[in-house]
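We just call them A, B, C, D, E and F in the order they show up, numbering each chain from 1.
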């Protein structure tokens, strides 16, 4: 099992979510993050003083899937998140050792995604 | 060392925190996330137009513990977070390679939890 | 590749970011978290009732770097985040298996940080 | 025909009454923001819809029915003319037809009509703070109809309009309505609360109250300040004119009481709660304003700080007490309008000065001037009003509960009234995840050619 | 010399007109908060800057030019005296110099000047709600100059000031400006909108409208309540005095209409939208107030709820319609001020009573009293005003677009007007990451000796 | 006895003064929201508690002592009657007992009392904006007592009440209190600031100022608009009556100045800051209103835009200057009330017209009419007031600092005054983690049988 963890632009999320759902991956979590990368800061002015901002709002997607599904997820994200401009973000893949579904207490790959076939393909 | 990472309902947090504290695991972090799983969207109406929401608010708990303590943490979370209804969430376990306590600069399993016995049990 | 994941005080962030930038590590993400550790709760009073707070605001830094750079990052964080008082936080290191730059679709260590030398040092 | 001084005086009086009524009308915003401040962020749009709806139902029903019941004649129980109020209509004689020198509706009498309407609307607004965050929307218009057609008009008639309570003794003294307006509203609130129960999560299984803090103290403060402002119409406007500049004295009396109420609540909060609770300080002002409402036309200036300070203490103690009694009243209306309304009405029996009893021609001086009988009259007024309003309100809310249900279901309460009853959050950016709120993904065609959405032009590669 | 009753009456009238004007002035806050509530959080500081700037430009230009064009004489097209208004200046004769019995500017006439100014400012404020969240700041002062010097004064002159529209038939009836003020503002808004286009992301590539919910229903509600308050200056103040207490009747008429508008919108929203849309309910109040503005001095009380309820229905239907027509109007001003302004003006032709037509000495009774001709006159008034304002506004905005551009670029629109045009967010804590906002890291020297920043003293090690 | 025209006039005047006073009272909300908007979100509930407390202390102390010192006689230094003000009490003769034709307190005189009180309360409110986000609560009531009993009454007596500054030359011209009210407040603020120091984190170790942006520009805007509204009571009410409709002229003068102040600040902000700073634009309105306060009764309309525009420039320059001087003034009161107050007072010496100097019977015409002496008199007034207020305020704050400490400790400042001094955040949902705020976990028994808390009924399994 792997965690696919992506930092992307907000407006990329909706098509990603839609595609993943169609592909049988409804389950994911997102959170608001602020990121810095290859960008200059923005300087804000207020009553004669200034404050500079180097961080930009991004959304982080966390999606745990069976190892065999990682590439599908990554490709879907890359496809929709790319605008070609600086700030498109990064995707990372990390190992996950165990997974539990709280509702039932079950564990293992089959708890990962709602779509029955999603984990089935893992063999 | 492992990171136990759980996406659960907000109202489950307080009993989990209380139990973990009693068991000697006071140290954890939480963050607000929005998740989707096996749920239909909610449609909001506003001045003749609509917007649909597929994501629901959840809280994510991140708790790094010694490997030998993982099951205690997972069990505590499962016990309190279960309502039996869709949306109860998931718990994942991930490997952690090193840990540092900022205050002292120490590293290793003994920095993980305040309770001295917590890491001591790891042997 | 590793993810350095640090829970620290808000006011420590700015010097850390500045130093990391100078060292060639501009890329990182942060998020607001609430954490508990070795601290008593705060009791709030409101119209005759009370509510107790055990969690304190912290900022979490997530920074993925080449394995050879981990120590630099950790040291930089430890250096600036330490006040010596309870609540300074923790730093964890976790394995990362793959990384993609969304803008280009490239993968591998060289996508991690803007600074060309940063990953180059990995060899 | 050359205009007479009487014409001029009538126009001045009409001007003042209308200005005062407009100030009282604005108290609707005061109640709205006091309630919004004390609500959680998920229940705030509902307050806006509620206040507009109640005020509107009340306006129409008061015009059609309520005014006639309250002021359409001097019978002992209810008035019986003035329905569907309009210019040129004829009214049955009452104290007010005499005061205005006409039984035919004209301009100045219209000012009186409107002034009395905004009082009814204030009384109705008071009912709902206690029921915040869980009552169904349908309860508002139904109760508003009954309240504005029957409940409030009856009380108003009994005390203000020449009904039986203005006949016992020298008459119940309630200058601007500590009982008529405020106790009435709070009693309606109590009836609703008993049928409604506390908010979900307010009391743990151990029975201990849990704080459910209001989400916005600045907006609460706005509410308090607007109410304070409005009270300068409420009490001084109840002179119904400008004769001898009496209304200016009432302004001072009102303000001194409110000020003392703030200090009284501040001190009591410090002593009982070990903190300076912002909500309690604001409640102190409101409670003192409620308390001084009845005596504002009857007492000398020196009595005002006393009455106000006691009210400030009462409201803090009352809120703590109701909290223990498991009467979950998010805004403290039972204390600020109920207990303080009772205190204010009774305080006439203590502090009314002979000069002002005779100036108003109602009742007698109070206890400190050596006369105990007025206090008894005041007590009768309080009890009569409470019983009437409680019975009618409990019956109305009981009926609503039986037919429609009074309370949203648990899921809706957890989600908040805004999304559950109004289709959208009051603060969408707080509740809808940003990617879903913006969702330009719905527009992929538009997206591709669009430039990368850098927040500003300055966002360019640094390297 | 002993003062006369006439002196007293003049001073009363002046007092009422000034009080009314002050209430109308405060409607600026109403528009500001209605717009703020309906905006996203990234565009809210800009509204504050905008409203202050427009009101200010308008004040200066009205004083220098606008008042003279509108009220500086009784010519058919425009007035021609009263520029750079000041005490002791001489005015060309008009209805108003007669009313005030002076061609030399004095105190009472100054009250009239100010009352008319705040109307101009309201009309200008109406223009901008439709253009929210995307128009460039530079457009405000330029259009404000043209609007306050020419556009509004011409309409005001034609209908209020003795111009040609007050001469056709018995004159167009527009008591407080459903057409002069509200339709004018909405027409300016339409002209701007046609040149501006919808907000980014409002319509997907499939053409379907997407909800862009306003960020704050409480502040929207504040706006509505302040506007409602201000309308008690707007309509009743248009009596320009207190004679016979007529203004008190206008107060009631205004309030009944607004109340019916809320109910009308509530019901229509429930039927068409299957929810109780908070914004629509508020819009219902505004639309009804707009509609009753023209007839408020001409109709009997019973007609007010009818006029208001229809307006409440119109505004909901109108908002849904404009949404489909891809006319992106975030606040619904085209419906609430445009459609309802037209309805209100026409409704005089239906409901004006003979008593009040003759009291005002303008026009005749309406359709329900058996006279159809006034309705035609009203229609001419609407069309003439619309054409004049649309042509001049479209030309002005077209010029601004050609010279400066009317719309911020895509990046700025995405980032929000606050940061893009005003250098700082209106809610910095919502948009700037907390570590960067606080950034004590900039002060390492100060940091080292500082105690760990525990939020309170109670934060001590538990072990 | 038939009422006389004089009675009618007295009642009109009383009505106007009371209405004006009520508008000025509401300025408390203006100050509250201006300060709230300019504060960080962790310090907002404290502002509500503060404003209510100060206004209340001031009300009681003014009634008991302050009024007597200010207006209880015409001695050169202080008045000596009118303590514990009440109906029927006897006052020592002064300009005002003559004006009202009575030495015995009655209704109209009560209006005067209240009007003067709200001025004192405004002056006190001005003090605290500068001390935001770090001063201890205990400082408020203590300073409020001294301020309302001694400091403000002395200045008011000297200039308004017949004291020595009304005797030098033809008297200092300060129509509504640019010096008496505004400079006094700002001077108190300066004294407090010198003892208090800048907010934590305002100046880095490099000495450079860091922006600490206020959290809410809409609420700031609300504050500005309410203050603007209130100023229509402040200046025009200072006519103390309606004679000749003079107050309507003052309304226009006030509004033209404010408008020019907005434009002045807008332009200056664009030039000096390269942006259109929302806070500066609002400050421009305030500064211009402050500046026009003294001359509003003395200058012709044409002078108002000049005075206002200069004030708008001054406030922007002043804010930038004080920022460099390490005088950390979060709301810009030193500039908007201090510098602009001085400018306004001096501007009488420049622009006062002969007509109005003689109408008021105070002082002479100004520089532009060829007379330089009044400017000197004005300067004396400014200096005298500044010295008096500074010395007394510095002593009072110094004493508070010595006994209680003036500033919360570093931890409390970091955590915010709301939680540190009032036991709860002003925006709990922003600061308390949601699971802890809701915490139904505390109710496990209740939890088990409860249905899963889906936000709405629509949340059902999709598969």
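Keep in mind that, in the parts below, contacts are C-beta pairs under 8 Å (C-beta built on N, C-alpha and C of every residue); 3 or more make two chains touch, one makes a residue touch a chain.
Predicted, not measured: the structure shown is a model, and the values here were computed from it.
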Chain labels contacting subunit D and also subunit F: A, B, C, E
If a chain touches subunit A and subunit D alike, it appears here: B, C, E, F
Interface residue overlap between copies subunit A and subunit B, same or different (over half shared): different
Euclidean distance of C-alpha centroids - subunit A vs subunit E, Å: 46
Interchain centroid distance [CA atoms averaged], subunit B/subunit F, Å: 51
Separation of subunit E from subunit F, taking each centre as the mean of its C-alpha atoms, in whole Å: 29
Junction residues of subunit F - those touching two or more other chains: 5, 8, 12, 15, 19, 210-211, 213, 216, 222, 273-275, 277, 419, 423-425, 428, 432-433, 436-440, 442, 444, 450-451, 453-456, 462-463
Shared-contact residues (touching 2 or more other chains) in subunit C: 17, 26, 30-32, 34, 38, 42, 44-46, 51, 54-55, 57, 83-88, 94-95, 114
Topology of the chain contact graph, where touching chains are joined (line, ring, star, complete, other): complete
Subunit A partner contacts - residues on subunit E that touch it in the complex: 419, 423-425, 428, 432-433, 436-437, 439
Subunit A partner contacts - residues on subunit C that touch it in the complex: 1, 3, 17, 26-32, 62, 64, 94-103, 105, 111-112, 114
Of all residues in subunit F, those that touch subunit A in their complex: 209-213, 273-275, 277, 279-280, 319-320, 323-324, 332, 462-463
Touch list for subunit A against partner subunit D, complex: 9-18, 30, 32, 38-43, 56-57, 59, 80, 83-88
Subunit C residues touching subunit F - in the complex, by the definition given at the top: 34, 42, 44-46, 51-55, 57
